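What follows is a pair of complexes built around subunit A, which joins subunit B in one and subunit C in the other.
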Partner chain A sequence: MSIIEDTKQLVQGAVMAGMSKAIALAPDRWIPGGTPDPLISHRHGHIGRPTTRIDGPLKVAGAAPFAAEFPMEGMVYAALANSTIAKGRIVELDTRTAEEAPGVIAVMTHRNAPRLSPPPAFMSSPKAAGGDSLPVMQDASIHWNGEPVAVVIAQTQEQANHARSLVRVTYEAEPAITSLGAAKARGSRTAMFMGQPLHDEVGDADAALAASAVNVDASYSTPRHNHNAIELHGVTVAWQDGVLRIHDASQLVAHEAWTLAQMFGIDEDKVVVTSPFVGGGFGGKCLWQHQVLAAAASRMVGRPVRLVLSREDVYRLVGGRSNTEQRVALGADPDGRIKAIIHEGVTPKTAFNAMPEPFILPTRSAYASETIKLDVQAVELDMLSNTFMRAPGESVGTFALESALDELAHKLDMDPIELRIRNEPEKDPTNGLPFSSRHIVEAWRAGAERFGWSARKPASGTVRDGEWLVGMGCATATYPYYRMPGGAARITLTREGHATVDIAAHEMGMGTATTHTMVAAERLGLPLEAVTFNYGDSTLPGVVLAGGSQQTASIGASVIAAHRALVKELLKLAGNDSPLAGLKPDEVGGTDCGLCKLDDPALYESYASILGRAQRVSVCVEASPSAPMEIMHWSMHSHGAMFCEVRVHAVTGEVRVSRFLGSFDCGRILNPKTAGSQFRGGIIMGLGLALMEETRFDERSGRIVNPSLSEYHVPVHMDVPEIDVIWTDIPDPHAPMGARGIGEIGITGTAAAVANAVFNATGKRVRDLPITLDKLM
Partner chain B sequence: MTISVNGVEAMLPSDPRVSLLDLLREQLGLSGTKKGCDQGACGACTVLVDGERILSCLALAVQYDGRSVTTIEGLGTAECPHPLQSAFIAHDGFQCGYCTPGQICSAMGMIEEVRRGTPSHVTSDITAEVIPFSRDEVRERMSGNLCRCGAHNGIVDAIATLLPEAAE
Partner chain C sequence: MIPFTYARATDVADAVRRGGAEAARYLGGGTNLVDLMRETIERPDILVDVTGLSHAITERDDGGLLIGAATSNTALAEHRAVRTRYPALSRAIVAGASAQIRNMATVGGNLLQRTRCAYFYDEAGAHCNKRHPGDGCDAMDGFNRMHAILGASPSCVSVHPSDMCVALAMLDAQVHLEAPASTRRLPLTELHRLPGDRPDVETHLAPGELITAIELPAASLAVRSTYRKVRDRASYAFALVSVAAALEVEEGRVKEVRIALGGVAHKPWRAWTAEAALLGQPATEASFAAAAQAELAAARPLKDNGFKIELARRTMVAVLGELAGEAV
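On to the complex of A and B.
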């Protein structure tokens, strides 16, 4: 963003910093989570029991409806034409031939598109969802190579696709900055992330590094990545009686509805976004131009429109993860105590988004060191805005940090696990906050035992099996606990003992619907079948992002708030004739289809009895949790100990991952079955990050040159060994249900564990991802 | 010109550009077959034609005159699933579920290929009459079906339940 935006963020940041000081010093009991969630002590209920997905039968039968599968009367199809220059103007736009092609209803361009306001960019206000702040098809200017310049609307997809090829565009190109080198030459600025500069200093790290007996100092680089959810981004939209209805694949339905309302200049409640199933998100299923263009096209032709991006379109329209150049320097004394940590580097973004890849985040709370210097410099390119992709920051930041730890261990001739344990901090090393719950050492010990770490040969290149060199490596995984403001939930309880929980949350495969049915059932004291969990609809309460691994905390805190309101209401209805008479809401909880006194379960009354006596069919409450102050009062982080065994072909350099174990400390695990899948899924994306994934960006033209699943490689079955996952299951006393998020941590640490194993196998240190065979030959 | 889809006769489209995938999804309302790339790179669109697995996005519908197609909807339903569908649920062989119909149809075709003795890249003896199933055979032969959610372990476990011989 501009300097003005930065300043605005800085001012907000300063206010936040002042506030967080006060919150840090406040007594625990004033803070959400200061009194542990009573569910944490429930040990034999639904929580913790491996539970099969409730939407499983629909999904395996192909009967779960995804966004591009909602039928609509009179629906027509759209296809996009994209720019082929990175910056400049459209000087000629010939749509006549396309308009005359069979089946074509209209061709929308900047000349005839409905007038729209620019999207408020994500993080610019609480409900903003825009991937960037650029106007959508409103003028002749071009901002990136691949920006949509025309939308063809036709009776069939085939007709639309053909007519799109007939749109003729002439451009006047302007000089564009499309190479990192050129952008760096123009200067960089300290990156701003969520209102704060990505810069931390504790002591004089440069001096401490120079004075250290042992040190390592190296540069690491990571390429661009794309989310590549298998479901293509698609929408089915219609304007019905002034209401814009969007069937979308979205991980922020409420944000999206608000943002589209701003753009179209209509009331927020005139936009309804539903998204019952999302075919993979990973940060990529947010608001980009396609939803806006489909809605505008639908308004223009007065018909429902379906727009499904081609795989190439996804690369052109939906931002991915930016590349990074990082330096990590570590200084230590001869017995391995770290004295200096420096982690700094540069990453590109655009002038229109607020998302620098924050690769220093994992280093902030990682290791005890008297001196720390962290810094991210952002440069601006003329490209599609980058965005968050699974564990933004931590995924690529841990590659550099945890590779450097391995290099230091090697130099010290020390076991890399012992080095990490020796540098365990007692409090957060950068902000001084106490940890809410940190059991990484237990995770390391349990993991090492299970993986058979003691069999590892410290000297590299010494284990050989025929033509294969075999090695083991490890790394720390880490991801913070987040909870964003804006949560809210509604609970409706009927006299028959059925509860409906409504919240505008999302199911992208994480198991949200299943897990939160379990949690709500447990909280209410109901069987699973007696709870319905509604989500994926912007008309439901709450502004909940499925991102930052915060959705479980956000839903959890919202349902706690709604449940408290429900209990209060039920006690009021129960009145003086109830065994519960005179009890306070905090003293009772749900059990056995009713309420009981927590420390004297004999004092009990069923929901049926309470509502029956009050002559009520049902009771309905809605509530919001208090602001997420717990994250400013404690340092809250999940961790994992990652173990990898690789086999590297001595002749070709081919790398095969033969074994992998993740040993996690993420608080309480709510549903072991779906949690295991989340951990594995993250680790597998981490294997892709380590060994094959790379979005190739032509620095001359600013164009992505491998926009397909045949040229952007993701791990396939043959690349994936059996992945072992274990966890401490130690509840975090300050998190709802004792659980911290689990969706992103698996991708962190994984690439370093692979790289460190490759070093152990071959003696070659690859500091530039992905680790392809040419780098090992 | 007609095609049989899950035992029901359907008209072939008049537009020869329509892929078998789009015929199923857009014209016949059978959206269980998924589109992940439309260019043969992901396997989400896998269906069975006369028992063999094909990528329906790379097939023009009109080429399938008189042929018999089985899609995920023809294999089983949510209420009455095929054993392989049940095994996917039991082993959590999916997360978002988008690649799942393709994985299941592909597995059905794959099992028959092995039983017919068609070797793969990991088959140690390509002249053998009978190819022993192993997890590696399954992994290799399923590698054309991408899963970005990373449900690979569960998928192989689910398929292995149909193959007592693959239990290692």
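On to the complex of A and C.
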């Protein structure tokens, strides 16, 4: 999730408005990351060594428990009935037949559901997690086509599924705005992204564009997308002694616990959310109605309840990515120096959420230009609230921006890589901040060499292999470094030299548990097997979001803080009889199951010795890092150079991606094995974005027409070629461990690289995703 | 899913006796029927499992093949005689679905699978004359990129989803049918109906009639046959357009030709007009294009699917050109 703006806002709340300038101008050493993390200089330890995921054997054996697999005594099953109109009221709700069906225990509707407060919407306060702010099954009103209207609770899943088909609902429909055209006609507003306008201006871009020797000015569009993680959203819920226990698939356990506590009117510590494994998150595994409905149903029937959404339910209840209409205009002088960048357009949202697809984000720091104008206009529809989906903003924004760059390169008759390098900025072009670490040029050069870019024929449509036209394209990938406030971690170290790290973080398949076991072991100077990393439990310290590619930084900074507290405590316990006597915490680090002076490792004492002499079995500390002021002091972004080779069938227009390379600059790569999978997974999702993903939202009814994996296409194996990934591995001196997040960048730039390759192959420029064959015939 | 009873047929007589009951349905691999039951679109009271009936593939004295209706799609595609003598059929089958589905799906069931029109599938939220005659058709002015360009009606614009049937239509396959009081054969091209004003009635089968076998006639022509499927991703997608064709060229002229199209109509579409136009003509791209043009003269585009007319034309020309190249 790209939410840099709102963190800035939250941080601003913490340090008071007007302080941001002061943070920008403050000396580096006052800023988190101003003193590089000592781990950056560890070059031969756990970090950087390809390490197999520690949860691999569990998952292969089917022994890793997912949310819908926790057994509970007396558990019953729920199924949902959903509305079939976009707006209006329920006037008749006949649940009798359903209630009389075999095995049915109860049918919950707005008439008998427990009274709940509306959910605080995500980012409306630090721990808010609601996908929107609409009340959940509290009255007869309908707000979108697919909104749950009844929950059937039965002894078996099959009985619940059957009975839901027996619920009869009569609606009184009200006029609904379900088409983008109608919404635009009603007027738009500058989109507010977490309290900040999605609008930037540097100089007079319109005038500079008009005065430019060469320019391109084009419109691009991207369709709606829906979340399709392999694991369906599911929860197992029970009320035990006044405590609401939720086994969930969640990327924000602490936020979720707090938000549910607000809704049910109970104390935060009376809600426990656990989520040991998540079968894919991507921004979709947050708080939607199903967790609330399951908890309410469980309270109503006094039994544990399991609710697993069907694939169709996921489309009806869990928001996706909104469609966008974008304009990108670029003006340049004849030697390719960009003089004007305009990136603007429109995207729909609802009245109940605050998430306009922020497609201008990648353009803010992309290229040097004396003038820049960026603007997102939001319109409101009567639909399910849209939400974060892997690299919101950057994924679809880079499609438009990087396609336009390619169009400009073509017009200038210039190599598209050289055009990008020529416009590499020295500082952030919109906020003027220095870059923390930016090595995109190295990534371009290394990628071009490895991909064989020099073999590309600049003229379109000139390479043919039988019935196939062959082309190459490239694009820049980009995603910000980001760290949210709220992190905290606890470290417990035993005399035997075993450490436990506790933090309310998340493992969604990215390799978090493995990587942070490695990082903690490195920081503590312990072998991997001497470290236990506990996560996925809202009762653990920290409010950590697995989103915005920021979890690694958030955990990293939290563990740095806890580790500093641990070292301080150990030095105190070590006392004057230790070789470490008199040293300050910042002078000391972990090595070889003990502590040593960083610049004089001979000054050393083992943990066993320190704790033994102090007659302590263990030591336990908890700490929180400073507010993430580094993102206001430096412009912190990852980049990638994406290379694509496509084959386009000359007769049918079918597109096949035959080669792909991503060359990344994301700071230090902690675990090359899981990182490679993250990059490749992002690129595969990007291929889907480029070629096939499209939610068909019927603008007559506001209903999604293709809520299934058979009609909503994602890439199958045959659509995915071998994907090569390389990286600069240059540490960012201002990020914990030197690492910036890598979870989302792979999907960015990919669609443009494909579109640009298609243009090189065919001479046809497709500006409307997905690139289906009818657009190439 | 609505509760139902289940019985496994011991033989054809047992099957048709049970299958004659009101609201009984024959169950093959279940890869489509069970999905539709889960969606409550199909609501049979009785399922008669016919997967235990003949799944033999036997050589006929006249050189043809008799394929038991319970044969799995995989077994048929892999059969040596099919691969060598009817390559279009093998290719059509493996172009469809996934390996897992093909392992389950039967030949008889494949013939009777129902459209994948998304509005047909949305029992709760969409109008569909195929589900409820007279209810209206949301596809007509809705998303209809996948829909019919040939033979559609104001009631229904959906397409038949099968790949296998397109090859069978081209190969002049015959369908063997059994009912308690009758035994008959029907050319595959006459099995499926166009929608007309009753899109809910999809075949010419009598109530309770059971498909027991498919017969492929001996045809040297079929040896030089092929199948090409054009779709939105490399695998596991229904055809936008598919072409099954066989061609024999003698002294540069078309001596015999069979063409069928998939993804374009409510039934596998035998291209009779194109075939007639080609007979005796020079086996050139110009002839193929003219024949394709003649076949598609009746094509009518909807809002989203106009490209299919050009795609069908191009694909027919490419497939015939490929076969002509092999024939030389």
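Going forward, the second predicted complex is superposed on the first by the 760 of 777 C-alpha atoms of A that agree within 3 Å, B and C clash if a C-alpha of one lies under 4 Å from a C-alpha of the other, contacts with A are read in each partner's own complex, and residues count from 1 in each chain.
FYI, a residue touches a chain if its C-beta (ideal position, glycine included) is under 8 Å from a C-beta of that chain, and two chains touch if they have at least 3 such contacts.
None of these values were measured; they are calculated from a predicted model.
Of the two partner chains placed by superposition, only subunit B is touched by A:Q157; subunit C is not.
Using the contact criterion defined above for the overlaid structures, shared-chain residue A:K59 touches subunit B, although it does not reach subunit C. Once the two complexes are laid over each other on the shared chain, residue contacts for A:V716 go to subunit B and to subunit C alike. When the two structures are aligned on the shared chain, A:M508 is found in touch with subunit B, with no touch to subunit C.
After overlaying the two complexes on the shared chain, residue contacts for A:E69 are found with subunit B alone; subunit C is out of touch. Of the two partner chains, neither subunit B nor subunit C is touched by A:K373.
Residue contacts after overlaying the shared chain place A:Q678 against subunit B, while subunit C stays out of touching range. 158, 162, 708, 710, 715-719 are the residues of subunit A that lie in the contact sets of both subunit B and subunit C, per the superposition on chain A. Taken together, the subunit B residues at the contact with subunit A in this complex read 15, 17-18, 22, 25-26, 29-42, 44, 71-73, 76-79, 81, 85-86, 88-90, 92, 94-101, 104, 136, 138-140, 142-156.
Contact residues on subunit A toward subunit C in their complex (touch as defined above): 82, 84, 145, 158, 161-162, 165, 467, 651-654, 656, 691-692, 696, 698, 700-701, 703, 705-706, 708, 710-711, 713, 715-719, 772-774, 777. Those residues of subunit C that touch subunit A in the shared complex are 1-3, 38, 40, 116, 118-119, 121-122, 124-126, 138, 141-143, 145, 230-237, 240, 307, 310-311, 314-315, 317-318. Of all residues in subunit A, only 52-53, 55-66, 68-69, 71, 156-158, 162, 227-232, 277-282, 308, 310-311, 508-511, 673-674, 676-678, 680-685, 708-710, 714-720, 722-723 touch subunit B in the complex they form.
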